[in-house]
Amino acid sequence: MQKNSTKIRIRYGETDQMGVVHHGNYAHFFEVGRTEWLRNLGTSYKQLEKSGIMLPVVSLQANFKKSAFYDEIITINTYIKKIPSVKIEFDYEITNKENEILCTGNTILVFVNATTMKPTRCPEFILDKLKEVNLKC
Amino acid sequence: MQKNSTKIRIRYGETDQMGVVHHGNYAHFFEVGRTEWLRNLGTSYKQLEKSGIMLPVVSLQANFKKSAFYDEIITINTYIKKIPSVKIEFDYEITNKENEILCTGNTILVFVNATTMKPTRCPEFILDKLKEVNLKC
Amino acid sequence: MQKNSTKIRIRYGETDQMGVVHHGNYAHFFEVGRTEWLRNLGTSYKQLEKSGIMLPVVSLQANFKKSAFYDEIITINTYIKKIPSVKIEFDYEITNKENEILCTGNTILVFVNATTMKPTRCPEFILDKLKEVNLKC
Amino acid sequence: MQKNSTKIRIRYGETDQMGVVHHGNYAHFFEVGRTEWLRNLGTSYKQLEKSGIMLPVVSLQANFKKSAFYDEIITINTYIKKIPSVKIEFDYEITNKENEILCTGNTILVFVNATTMKPTRCPEFILDKLKEVNLKC
């Protein structure tokens, strides 16, 4: 289980009139999480797009446990449980500085060839990186 | 099953560099859907907040089937399947003008007393409205 | 002076913890305004992009007079004062239903050839449409 | 002239279909800039709100020189030129890692008493902090 943790600070514009972070922003937080997960692996989502592969989200799930507040630093924990195939599935756990779980989530993304717009298998350079870090599933 | 349909036009800023609507915006589209569902019932989310009740989202789920594009008019279909208790659960189906399903989704929200911050039952004025429209579940 | 008025309803996620619309959203409201201005002229921004022309914003200015609130319907008034050249300049006035001015603004955009990425003159089909509506400047 | 520099990484959802950062996001980047400017001074915007003062934006201006791209790290330089009175005025310069200027901007904000909703003078604790850092204007 390859895991990455990254921290971000909540922006004012991410709050709503309930006085807490609007739930719609968590899709962006998850995206930051998987971007940093890929970077930590030694590659990047940018590099993936340059190699002609897009990675659209096909499903998103989030459970909101506690609120996040303006100016708070939150930790986005991102991990995968399965070797990616045509799909890659990420799990997320977002915590505050008291280590309370604010939100858990899951997204499934599909590797798509940007030219043919057809699903394609996870590129070898990602699978190789995962082998290097000894991913056990 | 009380259903409401509402239409919105995709804004430029809702697209991302994949050339389609960023998936994070669907949380906002669902929110527009349930706002109009409540209005169609003869009440409003604004009125609910004024009566001292907040309705935070506790879970969000979305499946993305096809992309939505800039300037396209999409239809947000919103409905409930169960009489609300402490929770209210909405289902969504978003379609384009060719009536293709772009996205299906579900959110669960909890009625919360804004003073005590404790969960509370669905207010009578909403249950009464639902009775008026003869909700069968 | 070619003017267009369009109405939108404020979404929950557009508010912030001050209880009003976050000022960052006005850039999106202006964009909705000029999109509808172009449509009203008999063309569209989408068509412009299809013809190989992009229209990036080079300057943005906004003065915030009064707050906009959740669920409120606001009117975006959009107009131009000068025949577009390489640039097109839009003025905006956003009002609430009491006809109070919430925000005034201005954006300058540049016509850019999407292939060469160089500035280019306003396409004839837009200038022709403006002549049809007898634009006096 | 009290200046602060802070860095952020561009998120995927901040791009639009032109393939660059949507101009509407710069209002959020400016907000991050002034939040960090205040923190660097030894106080915080959060603390200001807790002391019963709100700081709404009354004017926003931005000039877009070059595009920012996904995953790029940008630097937000924030400074003030005048001792704040009822208003506080921030200037911004956003640069990329080649030190090219992407955007310059300016916002004016007004100190507002959250109870009376009337404009009020800049709190002493901010003026004192500015004296400590020897602000010359």
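Here the chain labels run A, B, C and D in written order, and each chain numbers its own residues starting at 1.
Going forward, contacts are C-beta pairs under 8 Å (C-beta built on N, C-alpha and C of every residue); 3 or more make two chains touch, one makes a residue touch a chain.
This is a predicted model, so every value here is computed, not measured.
Enquirer: I want to compare two interfaces, B-D and C-D. Which one has more contacting C-beta pairs?
Expert: C-D
Enquirer: With centres defined as the mean C-alpha position, give me the chain B-chain D separation in Å.
Expert: 34
Enquirer: How many Å are there between the centre of chain B and the centre of chain C, using C-alpha atoms for each centre?
Expert: About 28 Å, centre to centre.
Enquirer: Compute the distance, rounded to whole Å, between the mean C-alpha positions of chain C and chain D.
Expert: About 25 Å separates the centre of chain C from that of chain D.
Enquirer: Can you list every residue of chain B that touches 2 or more other chains, as numbers and ranges?
Expert: 12-13, 18, 20, 24, 27-28, 31, 70
Enquirer: Please categorise the chain-chain contact pattern as a line, ring, star, complete graph or other.
Expert: Contact map by chain: complete.
Enquirer: Using the touch definition from the top, list the residues of chain D that touch chain C in their complex.
Expert: These residues of chain D touch chain C: 18, 20, 23-28, 31, 54, 56-64, 67.
Enquirer: Sort out for me which residues of chain C touch chain A in the complex.
Expert: 12-13, 15-20, 22, 24, 70
Enquirer: Please give the residue numbers of chain B that touch chain C in the complex, ascending.
Expert: 11-13, 27-28, 31-32, 35, 44-46, 70-71
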